[in-house]
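Would you mind keeping the following structure in view while I ask a few things?
For reference, chains read A, B and C in written order, and residue numbers begin at 1 within each chain.
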Amino acid sequence: MPLRLAELAVRFGCELRGDPDATVERVAPLAEAGPGELTFLANPRYRRYLAGTRATAVVLDASAADTCPTSALIANNPYATYARIAQLLHPVAPTMPGRHASAVVEEGAIVDESAWIGPLCFIARGARIGARVFVGPSSVVFANASIGADSRLVARVTICEATRIGQRCVVHPGAVIGADGFGHAPDTGGHVKVPQLGAVVIGDDVDIGCNTTIDRGAIGDTAIGDGVKIDNLVQVGHNVRIGEHTVIAACSGISGSAVIGRRCMLGGMVGVVGHLEICDDVAVTGRTMVSSSIRQPGVYSSGLPADGAARFRRNAARFRTLDDLAKRVRRLEAGSGTGEEKDHDDE
Amino acid sequence: MPLRLAELAVRFGCELRGDPDATVERVAPLAEAGPGELTFLANPRYRRYLAGTRATAVVLDASAADTCPTSALIANNPYATYARIAQLLHPVAPTMPGRHASAVVEEGAIVDESAWIGPLCFIARGARIGARVFVGPSSVVFANASIGADSRLVARVTICEATRIGQRCVVHPGAVIGADGFGHAPDTGGHVKVPQLGAVVIGDDVDIGCNTTIDRGAIGDTAIGDGVKIDNLVQVGHNVRIGEHTVIAACSGISGSAVIGRRCMLGGMVGVVGHLEICDDVAVTGRTMVSSSIRQPGVYSSGLPADGAARFRRNAARFRTLDDLAKRVRRLEAGSGTGEEKDHDDE
Amino acid sequence: MPLRLAELAVRFGCELRGDPDATVERVAPLAEAGPGELTFLANPRYRRYLAGTRATAVVLDASAADTCPTSALIANNPYATYARIAQLLHPVAPTMPGRHASAVVEEGAIVDESAWIGPLCFIARGARIGARVFVGPSSVVFANASIGADSRLVARVTICEATRIGQRCVVHPGAVIGADGFGHAPDTGGHVKVPQLGAVVIGDDVDIGCNTTIDRGAIGDTAIGDGVKIDNLVQVGHNVRIGEHTVIAACSGISGSAVIGRRCMLGGMVGVVGHLEICDDVAVTGRTMVSSSIRQPGVYSSGLPADGAARFRRNAARFRTLDDLAKRVRRLEAGSGTGEEKDHDDE
């Protein structure tokens, strides 16, 4: 359904420079868009493509508008505005009520009549599936789990016993929510399994990526706040708590009982050690290991960047004696008189 | 079923300080437990909650008993004792024999009559499912695989051809055991697939986490010893051997043909390079890369901890010239006479 | 079916030293092989087992042939030649045409009559399944996805909407191809979902490991070239492009819009930051973080190797003041006259 630029400008609060009657039907990348297509410019890295775009309209900010060769929708936050327009042009199909003949729904499962239970799903007794929920093919929802209204389990999702998922959540294929946490008490001759008895409680508007795993609490619950977005292949251990609107990129791991604040951003492959706290508004860059609590908002890192292998190897060898090197520098300073009187870094 | 503290004390060899006739019905966290609930104190980090607990009883060690405001069950290993009591209070439901009508069991599969084959499972010909085994929904067991007595495939597990799993194992949702290892011989114009012909052989009392992958041997088997516990999202490459009672935390990866000893502990996100050996009783802290064999028991690390991003970036830039810095220090020492005559770190 | 060494030598272009009429039936490891078995020596690490082998024949290179105690098939590339012989001795069973009675194939799916649709699979309308394709148990193929001839979805694979997979590909259990990328535009009060509208396009002869995830493009496609081999538990973000014959080991993560060249090799746990480029013929060793573009072929690293934990901790503490240490060395040099006049590393 083509939409007029004038209508988009009004609806999304943009300033329009260009033809109010031009229409767009779909979105496309800046460098590839053509007539009838809308695109956007948010990352300065792609600004070089702006002059050559053949899109009917570009969503961008005021600083880029002057060099836009076509109609411009000027927004304070072009990426978010683009996202909203793209949602309008490419709506998600509404959930069709019903259940596939091949689905297995146990007696005692409570499935809203507006929900869809897809092919080859298993819904156990006591599970509650809310209004307009979409349960995609081959998903498993165990006993007493609940899925809030308008949530989507895309496909092949596992929701374990007593997990509670809020409204408008999306769980991507292969995710496992609510399985046993990793609790094994060391004892003579091996380990004793620690029963994992808590639940996973997930707020509203949460996205969980493909093959991500979120473990149930050992005792007490694992809790994910409203608006949290978790990417693919992320591990969230038992009794972790994650605050509202925090974003976690792929391949990260959060160890048991860690508490992460609100509006945090964790890059890819970040590791968070257990039983510590990260306060609100902390950004952690990719591949950082957080091994002690962070109590001040800010940006934190610990990932070394790639270097030529031979040079890296030489430097890594020196790292093994860095403490010694520092002591040698201290001695040189003492001998030369250039050092400070007291060096807190040396013992 | 409520249990008397006196009975627990006798059964688990604890000293009881408090009311022998008090009863507990379930467990709860130290800070939240109330009447009828048992809790525990093992991690000193949580000791501050002890004075305020309203639990009926606390399992703890002798050093904490004096400050316990309620009945105390004093144990040498409070965490393991708590685990055993929790198992008693919250038993796993016994496996109900039978098979769900929607399961597909091929002719020639040998399923013990006391086992349960859940909804939408597929069990191929030649597979052997032992006594009281629980095969959860949507699991796949390929030809000639075998699952030992009392093991549980929780849900959506894939057990590939000829995998052998011992007794009392637990395999969590999404795990894949016995798929092809990563064997591709480089050749002119691409790679030649190396047939993966070995099996995975898993001992007794092994736990395998959600979405963990354990590859079959290329030639010869991949072998996991008795009592090994593997967390979520761990990769175990072909022909790896892991010794008894070793524990591997989430997001770790063990490359092909590595050999890991007994009673080792690998933290989260640990990487082990292929074709090396780690001896018994080695602990590797989170995010360490083991790139050469470890022949002495002990604790090993290589994960840098998080720092403020700006400071980290400056230090990482210096790391790129660390070898040069060390040489410069050597020259200074030579000039000042403070250095040792011979520095083995310099060429 | 036993094969004569003379026949193998001719077929695979090897020089044969030994008995041309000896036959082999299967392969086995160097240290364990016996009569009727063929083995190989490629990794020098295993050369110590050569003298003791009881195999009927060994594939090896000329340098090792003199010490071979049994028949030798001398090849320029013993590993690739071994792989080809092993394929011949242990052929993959051909796909049996048909579909299992429990599979759900929607009307409008186009399934070649020579393909196999396994138990409990779901194939949506508009999906195209090519000649001799094997769709293993519990796999899901969404609408308008296509699978090229002779490809195999081993089991429990999810192929999302509009994904296109080439010929002779293998997708291992638990892999998810074509799910939504991680696109959430930050805005006041939370994030706006950015519709993910591109596809995943995979070439021919590509292998995708267990539980690996490859996201669809946000706008434009994610593209994997011919002959690419991806191991288990790898994350490939939206709009990533990977060139022909590149190999990516387990637990690696490629962030969105990264472009990786041809014939690259990424070790295990490598992280590649988004929106950068790696040129052709780059090798990245295990656990390296690539955070800026690489424009020269070569080998790159950034993973620190394990050290004793106490020593590592001391060195890591010094790393936190490395920039300061470098400045102190500069000052010492200025005082002693040993430094160079201009040190580009200092501000």
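By our rule, a contact is a pair of C-beta atoms (placed from the backbone, for glycine too) under 8 Å apart; a residue touches a chain by one contact, two chains touch by 3 or more.
Since the structure is predicted, the reported quantities are computational estimates derived from the model, not experimental observations.
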| item | value |
| --- | --- |
| Chain C reached from chain A - shortest hop count over touching chains | 1 |
| Same-site or different-site touching of chain A by its copy chain B, using the half cut | different |
| Separation of chain A from chain B, taking each centre as the mean of its C-alpha atoms, in whole Å | 25 |
| Where chain A touches two or more other chains, by residue | 102, 120, 138, 156, 174, 211, 233, 251, 269, 304-305, 307, 319, 321-322, 325, 329, 332, 336 |
| Chain A-facing residues of chain B, complex | 26-29, 32, 39, 43, 45, 77, 79-80, 82-84, 86-87, 90, 100, 102, 118-120, 136-138, 154-156, 170, 172-174, 205, 207, 209-211, 227, 229, 231-233, 245, 247, 249-251, 268-269, 286-287, 303-310, 312-313, 316, 319-323, 325-326, 329, 332-333, 336, 338-339, 345 |
| Chain A-facing residues of chain C, complex | 102, 104, 120, 122, 138, 140, 142, 156, 158, 160, 174, 176, 179-180, 182-187, 190-195, 197, 211, 213, 215, 219-220, 233, 235, 237, 251, 253, 255, 269, 271, 273, 275, 283-285, 288-292, 294, 298-305, 307, 311, 314-315, 317-319, 321-322, 325, 328-329, 331-332, 335-336 |
